[in-house]
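Each in structure tokens, the structures are laid out below.
Both complexes shown next keep chain A, but they swap its partner, so chain B is in the first and chain C is in the second.
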Partner chain A sequence: MIVGYQLSDLQRETLAEVFNIAMGRAAKAMSNIVNEEVLLSIPQIRMVPRSEASSLLGGPEQRVYSITQTLDGEFHADAILILPQARSMDLVRLMLGSPQQLELVTELEREALTEIGNIILNACIGTVTNLLEGQFSISLPVLQSGLCGDIIESHAARQSEEDVVLLLQIDFTVEKHSINGHLAFVQTVSSFQALLARIDRFIEKAAQG
Partner chain B sequence: MSDKLRVLIVDDSSVSRMMVKNQLLSQQPDWTVVEAANGSEALARAAEAAPDLITLDLNMPEMDGLEAAVKLHEAHPQARIAIVTANIQDSMRQRVQSLGILFVAMVDKPINEAGIRKILAGL
Partner chain C sequence: MTSSGPDPTIAFNSPPFSSLSSTLALGLIILEQDGRIVHWNDWVAKRSGIVADVALGKSLFDLWPETTQARIRFAIDQAITQGQPSLLSSSLNKYLLPLYEDPFRSDPVQIRQTVTISSFYMTARMCVLQIADVSAAFARESALRVQAQLLNESLERQAQIMKQLENHNDTLDSQVRKRTAQLNELAKHLQDVSEEEKTALARELHDDLGSILTAARIDVFSSAKLLAGSHPDIHAKLQRALRYLEEGIQTKRRIVEGMRPTILTQFGLAEALRYTAEEMAEVSGWTLRLTVEEDLPLSEELSLTLFRVAQEALNNAAKYSEAQCVEIILEADEHTVRLVIRDDGKGMELDAVHKPRSHGLAGMRSRVEARGGYFEIQGAPGRGVEISVSLALSQAE
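Right, the complex of A and B next:
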């Protein structure tokens, strides 16, 4: 744990619960896309060196697609949807419904994945910002393809020089089709105090009923 | 409902328990509340408190809400159970319904005044 950036138990679990509610909404959006149930893990919150973040998100050597939207405002965070490439075509097929010609699916793959990301990330980010009552600008979704480690590294590097990030993570599975993935919020510690202030306000309001 | 009911609030998030408790007590100030942070703790608390109403989260470590609902209902058939959940997928709704327990209500998180009213109306 990094000195000066500690979360109290109440702050940590409030953050986890906000994320849990947000991901619940996102999972509903996702289950509407794939017409299957989406299973969610318990949310995890960790303060980690950014070089370690990718090991928690499926492993640095895994080939993935990532769809990212960036929140900018009181605090700065990247919301990233990570999908292993091995099963991403299945996800696209489920989204498009009836069996499509392979060529057509391949052509549509990037566009479809970007849209999947857009729907899921918006459901999640929208709920987080509503619950925390912050004002943020949210970027358009950006699709990247590559090794998970390189992608996470590039995000964190773009943000700042800091070596430590706050990682909020939920893993999801579409069991019937063996599709899995991760949704992560990666936040640099420089805007950590602003996030904590929002969490404290949420707790204060909760205590007032 | 004029009786003073005993309520067991089950949620792994203490802030969510606090929200349910405050919202509930603001509408029913005389009711008594006990809390549990997971399914197994809920079973222990229920054995002591014999609750009339249980509010139950679904996504919890150790014993999840679905398993807890079945066990709580077995041990305390008189207690009415309301589901308070962030998992708002239709499939989860169906799974909850397929348990064969008559739930008071299934309300979305975060809990608000309307959600509590829905639970109270179901009693």
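Right, the complex of A and C next:
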């Protein structure tokens, strides 16, 4: 175990609150696009070493889609939305209202999934960058499909430092169809400590204001 | 916003950037922070019907008022204020920007497009719109969907036809079963009738012809006795007549016996089989192997059916098999009686069952099946012939 990256209850609650507000906005944006009620919530937040992340995401052998955006600036982080492959295409098709279901997943369906991921990621990244108050460049979303373990592994941070993962569980519901996804911020321990410091400052300010 | 760098309008609209941008196979629009257009490449000009000179310096939202309320406006704001890039997919966002294949046609066709919106720093944060034409992918996918739909429909139709066929087959099956049962019933009835007729005929032959022959024999016998001394020539003739009469009586007896085997009615199937088989074995020189259960609870019809089968099987063996050894097994359990007649003779091709004018084997089968039984013939050239029959002990009648 690496010391110094545990979340205190107060930090965890604060993060949960700001992320859930952001999810509310993302859900509303999606509802407007698809004309269906969309619900997004974050029931759980955890910090884990990168090596343990994939087992918490349903195991390294689980087939997933991932949508990744990279944050660069004062520090580097990969924000990865991870959705179970089997059910997330159903969700996309529901949102697209495709009349005739195909055996294969089409290019345009993958593109739609990328957009959905992009909306969720932007909401979460916005929350983090607001907390950090820094200047960041953020990449466009990239969709991948593959084994959960491989995908997490391919996002090792650039430094040889050990990485940690801020893992948000995401419940995603459209109509009566819901899936469980995860959003993983993969970053170095030092980046994460900077984030923690910001959270503490944010909490202090909130207490004063 | 104060700026010390190059003026973006000049930078993006002079070479080399402008020449590069005009060669792109995608639309490129660059906006300043306030939404004013600082670059508008040829791709966009051609598909919007608005030349760069008209677009440059104008706000995108004034030039295209339809974008003001839309998701695209939100995404542009997000890119400019927060640096967050967005991908707007063609399938979730039906018609993003008013771009057309040929904007000057009277009914222009709007192109399907994927728009990515991102930002970069120059003098201030600038917003970049990249537009890709995905109409071809759209057409391909809808063609694919139509194909899939057709395929599904034809699979469904096929399944329906299969089901109809199955139903039809079921109906045919049950018809065949019904007709077979009717035919068996008829065959059984005909056999019963024929056996009854034989029995009646046998009785008449026995009672009438038998008594006539016997009376004639008594008369001839006493006449011959009377004339023995005085008319030796007539006596000799009467002696011959007596022999003829004796032969007639024997013939009658044989016929009666064949029609209604008294041995069967008087001593039962086991004894009748043994007697018949021993008689034939003696004539044909067979070694007999008999495994015959005594006192089986068989109805008269059942006994007769089994006896007739045995008779015909033994007849065939005597006629064709040239066997050394013939085996007969009669056994029963609670429900079923089984008869096997087996010879070790020259055997036969099973096709011989269908010989024209050969009715023995076919007759056995129809006798047995008419009573709901099971008939099997096994044989190959050089391997002898085995007939086996099973019948239910209690007839479901």
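Simple rule for what comes next: the second predicted complex is superposed on the first by the 131 of 209 C-alpha atoms of A that agree within 3 Å, B and C clash if a C-alpha of one lies under 4 Å from a C-alpha of the other, contacts with A are read in each partner's own complex, and residues count from 1 in each chain.
In the analysis below, a residue touches a chain if its C-beta (ideal position, glycine included) is under 8 Å from a C-beta of that chain, and two chains touch if they have at least 3 such contacts.
All of these numbers come straight from a predicted model, not from anything done at the bench.
Contacts of A:E17 after superposition on the shared chain: chain B is touched, whereas chain C is not. Of the two partner chains, chain B is the only one touched by A:L131; chain C is not.
Look at A:L147: by the touch rule set out above, it reaches neither chain B nor chain C. Contact with chain C, but none with chain B, is seen for A:E109 once the two complexes are overlaid on the shared chain.
Using the contact criterion defined above for the overlaid structures, shared-chain residue A:A207 touches chain B, although it does not reach chain C. In the superposed pair of complexes, A:R25 makes contact with chain B only, with no contact to chain C. Shared-chain residue A:I33: touches chain C; no touch with chain B. Of the two partner chains, chain B is the only one that A:I42 touches; chain C does not reach it. If you count the residues of chain A touched by chain B and by chain C, you find the higher number for C. Contacts of A:A194 after superposition: neither chain B nor chain C is touched.
Per the touch definition, chain B reaches chain A in the complex via residues 12-16, 18-19, 21-23, 25-26, 59-61, 85-92, 109-110.
Against chain C, in their complex, chain A makes its touches with residues 29, 32-34, 69, 95-96, 98-103, 106-109, 111-112, 114-116, 118-119, 122, 125-126, 129, 135-141. Contact residues of chain A toward chain B in the complex are 10, 13-14, 16-17, 20-21, 23-25, 27-28, 31, 36-38, 40, 42, 131, 202-203, 206-209. Interface residues of chain C, counted against chain A in their complex, comprise 71, 74, 78, 82-93, 114, 116, 118, 120, 134, 137-138, 141, 144-146, 148-149, 152.
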